[in-house]
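Okay, so chain A shows up in both of these, paired with chain B first and chain C after.
Here is the complex of A and B:
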């Protein structure tokens, strides 16, 4: 366990060395959210609510979705693909730790860094000039924190899955890009899923993508309350566990198939 | 004439290397297409809840997006300056470029072109023709010339802004993340600028004139006469920003001392 904690710390410190990049990151974020705010104001066009959400809730939804993304987002799939291409994966596999476990905690270290140095200051900046609506109950904040942790786990599991596929295909740039667009669209990052047509919403229920962004953002804007929030959390927990099975199975198969090209 | 023949030869070489890996080409095109699909779906879903966005209909918004894709594709094909700092300044490639017999900016455009990005214009044209026929827009023979003029204007604006940004690398060789920021901001020129606060509208018109690559020129074809003044101004703004960028570039090259690596 110690070695995993140490790895989280090292990643955190590594990111800290490049923190100046994140000052511009906060600016990018603030400009983006401001533009989204004007766009949504125009879409609402004076209506008090759309799909059960007020303009303030929608602004909060957009602001929080992008901040949450800074926490759960990582490039584990690309890192694995790169290590396979370079042949580094051979050295990684003989080290005394679980390769995938180590990748996951590295992602966590990065996520924690961005949470403290990008998300929180960013939220502070935009709350100065945009009408955001934060929950008052401590319970909502707690549910949101838990939900965010699940988001990270599900996102990382999907990334690890996509990364492990590289063991079989060697090149899967196309798959990785496609995955990114699918997650942008179906996780509820750019649009709350309740805005999609009914048939599309029914389909999205069967996929893990909504558990990444839609559920935590709906919880924090209090669009999901009580039973709805609980069901959302349960669904996220279920996906966290369910995705472990294909991951474990693919990983065992991948280790048998591994061919190191050069290196 | 010399410039034209060098250009054609570089283009020939480029085609040969790219056609060697056709599968990659296809995958790249597909992922371009998916990025465009994400933007389109956003528009379609938003307009399934509201008939008008500040007086603009869904089809008009789609037309603006379709128009934007054309100058953007041309820009992406020829002005691939994303990693200029990394590749040319930090790694010292600029020294080699300066020994070449053509202008240094032209040389970099030749080396870094990505002709396959031009395919990104195809969905744009399809959207414009489809939406244009639904809106039953009128089309005169001189509109074709107008289209070329406005597209060229848009390309020059994009090129001007991104060349100016690349020029910063000559003076300060620290890596900055201004490029992705500019990329984000550029997408706001695709929405009708009257939805924004007047400060943002002013910036998108005169400081970072991305509105001239989307909503202003498109409103000429949408026959929105109140925007005609801006639409006709597009090539002028393009020429101006491109000229400033080239002047900045030349000043940067004079300043350039190399990193010694």
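Here is the complex of A and C:
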């Protein structure tokens, strides 16, 4: 466990190594949310609510979605692809740890850093200007934290899956980019899923994407309450477990196929 | 006791062959042609505890592939490997605790953070107790003279400084077996000497077994009693460096500087029956005799008795030349 904690610490150090990135990160976050706020106020155009959500709820939804994204988002797929392309994966495999496990922990380190040092300050800045509506119940916050953790696990599992595919194809930037758009779109980050047509919503039930962003955001805006929140969490947990199987299988096959590039 | 045991080890890669031209590129979209390349082709050898073995061969001979199989990175296509009593690939996480690896061409330190942070992380990764770390690494840091580099980020180090830090990083858990894949590539003479001396001390002090690949024959001469030579995935020589030199040294060259210009015929007549080949030197009064091993004293005494001489110089074929010769021939005879 020690080594994983140490890896989180190292990730923090690496993120802090470039200060400019850090400050611009906060700014970008604030601008992003402000832009969505103006977009949505135009869409609402004075109407009190759409799809059962008020403008305040919508703004909060957007702000929280981006806050959550800062935590669950990582580039593990690209990191793996890069390590395979330049052969650095060899160095990782001579270390006494699980390659995928260590990658996931690195993602966690990065996520925690962004959550506490980028998004929360950014959210504070934004809340000075925009009407945000945060829940008052401790239970909601607890459910949200749990939900966020599940989001991270599911997102990372998908990323690791996409990354491991590189063991077979060597080049898959196209696949990785497609995966990123699909997740942003179908996870409910850009548009809450309740705004999608019914048939699309039905289909999305069969995919893990909504478990990434939609469920935590609905929980924190209290659009999901009681049984709905519980079902959402259960569904996330189920995906966390279900995705482990293809990942384990693909990883075993990948190790046999590994070719180390460049001598 | 054998630390490394390899039997009939083989590794094949499927290589995708692209067709030429635009039409070929379109056809490649649908069907791809593959060829199987045997990078390592049925090699067997064993290494005893405390040995320093040089693993040499041309580029693409299969050295790095062997090392990657021995360290558990690649899965062999067939054959048996036992290193430190384990199967490297199957028990990878447990196995890699017992080895140290340095890849000369890749860094295993974290680029953006200070060297000591990398060390600290590795110390945790290998679960090295503080007391053991302080004692052992204190020595390593002192021997490699890297104490003053520890608080610098890796990206600010020169290649020589970085390579010494890499070596220290590979030794954090004081492994009984060390793999070095071209550890001196691109380094200046002083750093090379420092690293060689360090490896020798390490071997004497801790009995560390070392397997190294290199293209620099002076590394081999300075460190290895035993050499394994590889060509096209097969072992073509496995034995002591001395024997290799004797078999392939092909005698010596003796350069005579005569007091006056002389010609070939009288010289050939003089050394008749000694299997000597005379070649003209850079000046009319210099002649070079290629003499088979053991024949040098006789040739020198005959020439010196007959002609007034200004100078005699004796050259031995360097390991470098011998190895180049073997690469060109592609096999070790006899």
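The rule is short, and it goes like this: the second predicted complex is superposed on the first by the 260 of 263 C-alpha atoms of A that agree within 3 Å, B and C clash if a C-alpha of one lies under 4 Å from a C-alpha of the other, contacts with A are read in each partner's own complex, and residues count from 1 in each chain.
Definition applied: a contact is a pair of C-beta atoms (placed from the backbone, for glycine too) under 8 Å apart; a residue touches a chain by one contact, two chains touch by 3 or more.
Note that this is a predicted model, so its numbers are computed, not measured.
By the document's definition of touching, of the two partners only chain C reaches A:258; chain B does not. Using the contact criterion defined above for the overlaid structures, shared-chain residue A:24 touches chain B, although it does not reach chain C.
In the superposition on chain A, A:93 makes contact with chain C only, while chain B stays out of contact range. Looking at the shared chain after the overlay, A:197 reaches chain B, while chain C stays out of its contact range.
Contacts of A:42 after superposition on the shared chain: chain B is touched, whereas chain C is not.
On chain A, the surface touched by chain B in one complex and the surface touched by chain C in the other have no residue in common. Within the complex, the chain C residues that touch chain A are 13, 64, 68, 71-75, 89, 92-94, 96-97, 99, 101, 103, 105-108, 110, 112-113, 117, 120-121, 124-127, 153. The residues of chain A lying in touch with chain B in their complex are 21, 24-25, 27-28, 31-32, 34-35, 38-39, 41-43, 45, 50-51, 173-174, 177-178, 181, 184-185, 190-191, 195-197.
Residue ranges of chain B in contact with chain A, taken from their complex: 24, 27, 30-31, 34-35, 37-38, 41-42, 45-46, 48-50, 52-54, 175-178, 180-181, 184-185, 188, 191-192, 195-197, 200.
By the touch rule above, chain A contacts chain C in their complex via residues 2-3, 5-7, 10, 13-14, 17-18, 87-88, 90-91, 93-98, 255-256, 258-260, 262-263.
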